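Next come two complexes built around chain A: one with chain B, the other with chain C.
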Partner chain A sequence: MGLNIIVCAKQVPDPEGPPSSFEINEAELKVTARGIPPVINPFDENALEAAMRIKESHEQVSITLISMGKGISKAVILKAVAVGADASLLVEGDSLDASLLDSFATARLLAAAVARAGGYDLVLCGRQAADTNAGLVGLGLAQLLGIPAITLAQKVDVAGDGVVVERVLPDGYEVVEAPLPALVTVSGEVGDLRYPSLQAIKAAKAIPQTVLGLADLDLDPSTLGRVRTVALAAPSRERRCKMVEGETPEEAGRNLVLALRQDKVI
Partner chain B sequence: MALADYKRDMEGCSRCSSCKWVPFNQIKSWRFAKNCPSICRYNFHAYSGSGRMIIGNSILEGRSELNDSVAEIIFRCQMCGACDTACKVYRDDIDLTEVLLELRAYCIEQGELIVEHMAMIDALKREDNVLGEPKARRGEWAQGLGLKDINSETCEVLFHAGCRYSYDPDLRDTLRGQVRLMLQAGVDLGIAGAEESCCGGRAYELGYRGEAENYADDLLSRVKASGARTLVTPCADGYAHLKFLYPRMGKELGCEVLHVTQYLQRLAQQGKLRLRESVPLLVTYHDPCHLGRMGEPFLADWREDKLQRPMSLKRSGRKGIFDEPRDLLTSIPGVELTEMERIREYSWCCGAGGGVLEAWPDFALWTANERLEEAKATGAEALVTACPWCVRVFRDAAAESGLELPVYDLADLVMLSAGITETARA
Partner chain C sequence: MADAKGIYILAELDEGLKPTSLTLELMGLGQRLASDLATDLNAVLLGSGAQAAAQELARYGTGEVLLLDEPALSGYHPEIYIEVLAGLLRSRPPLVLLAGHTSMGQDLLPRLAFALDCGLVSDCVGLRVEGEEVLFTRPVYGGNALATQRVETPTAMATVRARVGDAPSPAGTAAAVIPLEVSPPAQTRLEMKGKEVLSGRECPLEEAPVVVSGGRGMGGEEGFGQLREIAALMGGAVGASRPPVDSGWAASTCQVGITGKVVAPDIYIAVAISGSTQHLSGMSESGKIVAINKDPDAYIFKVSDYGVVGEWKQLLPSFTAALKELPKV
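On to the complex of A and B.
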């Protein structure tokens, strides 16, 4: 009996881009990414890596990557599936702009997509998306699928009919188990996604891909919650530089300590 | 800037096709009259500078859409700048290279990525070099040379080796020889060793501007910490990016930037580098695009009507580095220079640039072979150039085609004449 894993992956503007890559248009209430590519949300990459580790240590594991949004980059998906996914399912549409959907609408769309992907035993999501950092979609999806959810995993394994998760805590981790099917949100502690070779990326064009539109899903689009941006502004950053004087290096050092104490830094 | 900022440039194209040819008053023969490898190879207007501008304008106006096929046309281009130089002989109001760069950035923003480029950028992010070689091994080439380490000491001159030179074993003797020439001249020279990173210029040309800016910031902080007054690089690509792209991005290095050929020529003029030994060789010189027409220093952007732009701000390609390499070459006793038909700002590209070598190596080698044939037609015994990417692709092309023409880096011949014993190979 095989194990079917679904990994949900969102495309976001490369979060490693410099601040100048994000053009904030306060009048039109939108942020435009300039000179940076879309990438798979890094936490979703962690989820895919967790899936790959399960696949390596168990037999008959199948991984399906699901992505949803407006203008999904095929090359980015290709690179992700090239690490070892067995299939991908994309839900595309102009109305699926992630910045216009609220988290629960995204979860509903993903739940409908999961239903189209066939059977599943384990759903893995990133702990949060690097663009919104809301961290709500995974839990919403579990709620809609009616399965248990475990958040913030640093290690995911399957044993018998259940999933065993090391869950990150502020001062360590706890081990949590749940029966399958289940959903786990994965944290960065799992480790970076492995790099596929160029040959693997090219060969990944042969991996089965299903592309669906909103009309293919079993839900009423008019009931999807939409986000309305009320105001948008770049946070102002102020740098104040204070020169610490002193006749000698020792005196300057003492004055620095006093200044830091005065500012309650130490 | 964005693609939309170049709308007037794009819609102003009169489709005269000058972008496909060496400027007409410089054409010497039909055989070597073309200047653009892309249109020459693929022979559809879309593959020319003009064609790509029409594509850009069409996308901008919503008359066509960007897809995999269109993106491939946009990227099957070495970004050599020959089209721009030819266009500007006749037009003052079109910045063709800028449009091509904007188109590439637009593709990246829209997720229309060339997988080979994506893999290259991943490798760059991982190892800080475009070849994906281990970062820890970047400084190995300098072992035993006694160079200062700028991570712990200051220096007068910072030597930035660049990605290709740092890792290509075939070019190692050349790189070490360049450094030994400078050390012999008493230069206070430092390197960043394993901490040296890519300049980011290649990322910029592939459209990954954010990545380029990250690397510019990185290099900027390193140069400042080194205290160097001069930065010398043997990488022609790097030179162009430090000279043009960095100041344009507002990243002022605060020091003089020189290509190694400029610096060696200066040392020779000052009598600190003595070229004594005769190197009896009839050679022809290939102008690397990024040292030549693309190596013009940045002066200022012009955002008004370009027909009102002062000529000094027009990027004509003629203010690049053309004379110093030739002066250095001909100051070597015994060396005789014979020129090819396409030289200086209307030089033919080696084929390696713009991500072509990584994504379509057959196109890169075809372009290089075209140049080798032109070099051979001069009767020269060897081809000399001053860029590691050019040397690499020329040698690979000659090996593939069986065309017998030794390819030297200019520094190889300088080393021979100065009595430096690192083995110079061709």
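On to the complex of A and C.
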């Protein structure tokens, strides 16, 4: 009985870090984050929050956090687990560096990891990772696991043996249901992840953790990719800004209109 | 699978059953790719009552417009669409399949790519042909870098943002409209239980020639009333960065950025917005960018054409008044 939820959570460099902290290595086709800490991908935090809400309103819910990558920060995982997960599964290895894997390889590897996590009724992913911005892995994982998928959830609930999702649309939302087991990708509208108490963080060290290496998954990431990055560049967005001034703020506001008219912008 | 050939555009229709502007932009992009690769430009159209739209698309293509017209296809249902499309693409594998990076494109193309084991590049902001293949450019790390990618499967798929392509000119030869039999799956696992449209504070952002956006520094809902007045005077729409949406000052449909809408109006006015990469990803292609911010070092000024340093509460009333007084040109 009970309901097993898997939350797939990736570590990424803090996406709110200043642009200067993202160093672009054109030769190695890598982005290196300098001076900003790793965090759980924000949408994966939303996914964990969605899982917590289900856990609060249903009996016998167990949450397993799965994270794959190179050099996963144990402190970051611990803090997420402390929020209310019952187990965690890490897949670590040098060849799991995010810049070496495309979404296709990632989905295949995660599918193998999910198979090692024991049974599941519901898999939750973020709508997209802040480093790839791709939004592919969740749907890929569902396809590989052979389960139905619903994307862009702003609300996730379990009713009977199905999942009920409010799915974000450009002009509102729609309600979609799927039988369990199913996969749902979660959007920011779900709400921020709650904070764990200090006590919970201390206690979290006792929560079961499995660490796997690539060998345990019996897959060769170098054969799983479908898309290859061939060049990396900095975006060129900077413009020459004409600063409009005035003796008083009121005058500056007026002067802005005049400047726009003078340049035939309006 | 047969040999991959041709460029295919997955068309989308608006409520009036006309091709969306993004669909036409994709036809424009497709013409360029097809000519560079010396292949045909085709379109695939799923819908109900879509005959006229198929004829319009045919004016821009050189190959065929595959029309799947059937009541079960009138609205997007992932499983029905995937079943119908996967079958079609297996028998006619394209070199390149392009769809818009829309609500449907983001949901459907990944399913299709994994079902057919084809490489997919999502959220493209640039496409070009190099040698015999297409290279796709997309933002990564929240827009802090641009990655150019190639697809290593015979069929490449991509979802493309608005305003990447130009509206097309009719091709010399019209494509043939080919109606195909559709047999939608008898059973689906997903059940669509209906839509809830948020009305009242609507923002037809993508089409607006002027977008006036507010950020966290607006401090509350009231300020957005002033932005609405300015937008109305300029014939535009109101947008927002993410914090006002999270705080409920602006509808979620107003959000501009990497996880909101992508806009490229003639004029974009950013009030009390700092200029995060995630926000810039949604508006940096705008014609002229105007920033109002109290912090002279705010990054938004570096990416703007016009800037005023100051409190919006003090600047906007005189800005609005001067707009009203402006003689018409």
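Throughout what follows, the second predicted complex is superposed on the first by the 230 of 266 C-alpha atoms of A that agree within 3 Å, B and C clash if a C-alpha of one lies under 4 Å from a C-alpha of the other, contacts with A are read in each partner's own complex, and residues count from 1 in each chain.
Here is the rule we go by: contacts are C-beta pairs under 8 Å (C-beta built on N, C-alpha and C of every residue); 3 or more make two chains touch, one makes a residue touch a chain.
Just so it is clear, the model here is predicted, and its values are computed rather than measured.
J.: Between chain B (first) and chain C (second), which does A:Tyr195 come into contact with in this model arrangement: first, second, both, or neither?
T.: Touch status of A:Tyr195: first partner only.
J.: Have a look at where A:Glu238 lands relative to chain B and chain C in the superposition and call it first, second, both or neither.
T.: A:Glu238 contacts chain C only, not chain B.
J.: If you stack the two complexes on chain A, which partner ends up touching A:Leu100: first (chain B), second (chain C), both, or neither?
T.: Once the two structures are laid over each other on A, A:Leu100 reaches no partner at all.
J.: Just chain B (first), just chain C (second), both, or neither: which does A:Glu16 touch?
T.: So A:Glu16 meets both chain B and chain C here.
J.: In the overlay, answer first, second, both or neither for which of chain B and chain C A:Ile24 touches.
T.: In the superposed model, A:Ile24 contacts chain C only, not chain B.
J.: Looking at chain A, does chain B or chain C touch a larger number of its residues?
T.: Residues of chain A touched, chain B against chain C: more for C.
J.: In the superposed arrangement, does A:Leu256 touch chain B (first), chain C (second), both or neither?
T.: The answer is second: A:Leu256 touches chain C but not chain B.
J.: If you stack the two complexes on chain A, which partner ends up touching A:Glu177: first (chain B), second (chain C), both, or neither?
T.: In the superposition, A:Glu177 contacts chain C only.
J.: Can you give me the overlap between the chain B contact set and the chain C contact set on chain A?
T.: 16
J.: Can you check the complex and tell me which residues of chain C touch chain A?
T.: 78-79, 102-103, 106-107, 110-111, 113-115, 117-123, 135, 138-153, 189-198, 202, 234, 242, 246, 252-253, 258-259, 261, 267, 276-278, 280, 284, 288-292, 299, 301-311, 314-323, 326
J.: Which of the residues in chain A end up touching chain C in this complex?
T.: Spelled out, the residues of chain A in touch with chain C are 13, 15-16, 19, 22, 24, 29, 31, 102-104, 107, 127-128, 130-136, 139-140, 143-144, 148-152, 164, 166, 168-179, 187-189, 225-235, 237-245, 249-261, 265-266.
J.: Applying the document's contact rule, which stretches of chain A touch chain B when the two form their complex?
T.: 11, 14, 16-18, 20-21, 33-38, 71-76, 78-79, 195, 198, 201-202
J.: Tell me, which parts of chain B touch chain A in their complex?
T.: 2, 68, 105, 108-116, 118-119, 121-122, 125-126, 207-214, 217
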